[in-house]
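Data first, discussion second: the structure below is written as structure tokens.
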Amino acid sequence: MIQLADARRIIAAAEKKAAEIGQPMNIAVADAGGNLIAHVRMDNAWLGSVDISIKKAWTSRAFDIATKDLADHSQSGNQFFGIHASNDGKVMIFAGGIPLKQDGKVVGAIGVSGGSGAQDHAVAEAGAAAL
Amino acid sequence: MIQLADARRIIAAAEKKAAEIGQPMNIAVADAGGNLIAHVRMDNAWLGSVDISIKKAWTSRAFDIATKDLADHSQSGNQFFGIHASNDGKVMIFAGGIPLKQDGKVVGAIGVSGGSGAQDHAVAEAGAAAL
Amino acid sequence: MIQLADARRIIAAAEKKAAEIGQPMNIAVADAGGNLIAHVRMDNAWLGSVDISIKKAWTSRAFDIATKDLADHSQSGNQFFGIHASNDGKVMIFAGGIPLKQDGKVVGAIGVSGGSGAQDHAVAEAGAAAL
Amino acid sequence: MIQLADARRIIAAAEKKAAEIGQPMNIAVADAGGNLIAHVRMDNAWLGSVDISIKKAWTSRAFDIATKDLADHSQSGNQFFGIHASNDGKVMIFAGGIPLKQDGKVVGAIGVSGGSGAQDHAVAEAGAAAL
């Protein structure tokens, strides 16, 4: 089970990466129930990304998948097109969410929003590696 | 910080442009927090555009981007497809929203809705130029 | 039918009253369909009152009643208790909304929010008198 | 303007108080626009309080008032009864939210949820004192 101390370590690692690439981010960590443990908005990060970072974390745990991969399945013409209309708007279908695993089991997720899809995903990976 | 007097000057410039092109518009101005300062619906403008104009202003500030550009990123296959499901339906991904800048810093946004995408954007630009 | 020019005259009268009593307000005017025509947030007025002012105007037209009077009917134990759960949260049951009448007919409404209930109602009355 | 570093100092002070009284809490800090800067859920704190802490912070800034005081005004029979139906369900009318002030001006707010009303308010006060 992820504790607040774990979430903070994950966020610190993600922040470090975001600072390295020079892009302020919103970073959120959710637990195994998909519920938010902690969130930070780095100075000058997008206001609209508060919500998105939290929902990317939720989505990654809800479907045990990186939102980058869910994005592929959710484009027009693909098998999950329209999934973003479910769950009262909580499903984010673009890069930045990654499940957090311990011993091969999903125990939570990180969600990052504030830059390009590639940047968000890279920052989320840096955070996930710190678990 | 944008004051009500600034918002009114911006709206007046946008209205002038809308009158010139003969298309009644809804025009909204938001502050640096994305919160509405002022809104007008010109006579005979669409009722459904009240909400859209306010949300275009919010979106432009939330992501510090013209909604015209966000539209490109948000089409199926592109990196932000699905972003319109976030933020409880407040994200508008078509032209008409523009960030308002002072000394290179985003201090608010204007949102315009009532005509074609090109018309909305042109009216928003006229408004933004009046800050 | 109320035009934008009417709404602006109403708002100007309400602003003047708000300035006199020294309480910055949000002021909104809706038409006969309950749809927003114009809104202003005076400098330093509450952010949370943007929504409330717009909804007070809607409520006053929706039920052709001052929200001050609807408040009485909507307290615990009274006949309309619970009405604020209807209409997707748009029903405001405290003072500050007043129907706008022409020749005895309701043609729209004004909604004011930013001070005490008595202040909001007084400012709304000043606005309504300018139609 | 509150920075992330300020929000963290405020949260740390609130957590310390929560630990002292032995009640795990959700703690959120919002900026002058009411937008979330940071949130933590202490280990074993209520899941349902994630949302409440964030909304208490928003409410305190939206109306520049402690939610403890707004609670008084919002009971049946009082002047703001029904205000919780506004702003799409974001208005929290029970103790735990406090505006953050610098030089007498509201620059943001803290929201705390996880215990009794008195506990939430006490933890919020400890956090606010750290600005």
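Each chain carries a letter (A, B, C and D) given by its place in the written order, and its residues are counted from 1.
As a convention for this text, a residue touches a chain if its C-beta (ideal position, glycine included) is under 8 Å from a C-beta of that chain, and two chains touch if they have at least 3 such contacts.
All values reported here derive from a predicted model rather than from experimental measurement.
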Rounded Å distance, chain A centre to chain D centre (Cα mean): 25
Per the C-alpha means, the centres of chain B and chain D lie apart by a whole-Å value of 31
Whole-Å separation of chain centres (CA-atom averages), chain A against chain B: 28
Taking each chain's centre as the mean of its CA atoms, how far is chain A from chain C in angstrom? 42
Numbers and ranges of chain A residues touching at least 2 other chains: 47
So how do the chains connect up here, line, ring, star, complete, or something else (other)? other
Give every touching pair of chains, nothing left out. A-B, A-D, B-C, B-D, C-D
Note: in the complex, chain D contacts chain A through residues 3-4, 7-8, 33, 35-43, 47, 50
Of all residues in chain D, which touch chain C in the complex? 33-34, 59, 61-64, 76-77, 79-83, 85-89, 91
Residue numbers of chain C touching chain D in their complex, please. 46-49, 51-52, 55, 71, 74-77, 84-85, 89, 91-95, 116-118
List the residues on chain B that touch chain D in their complex, please. 31-35, 88
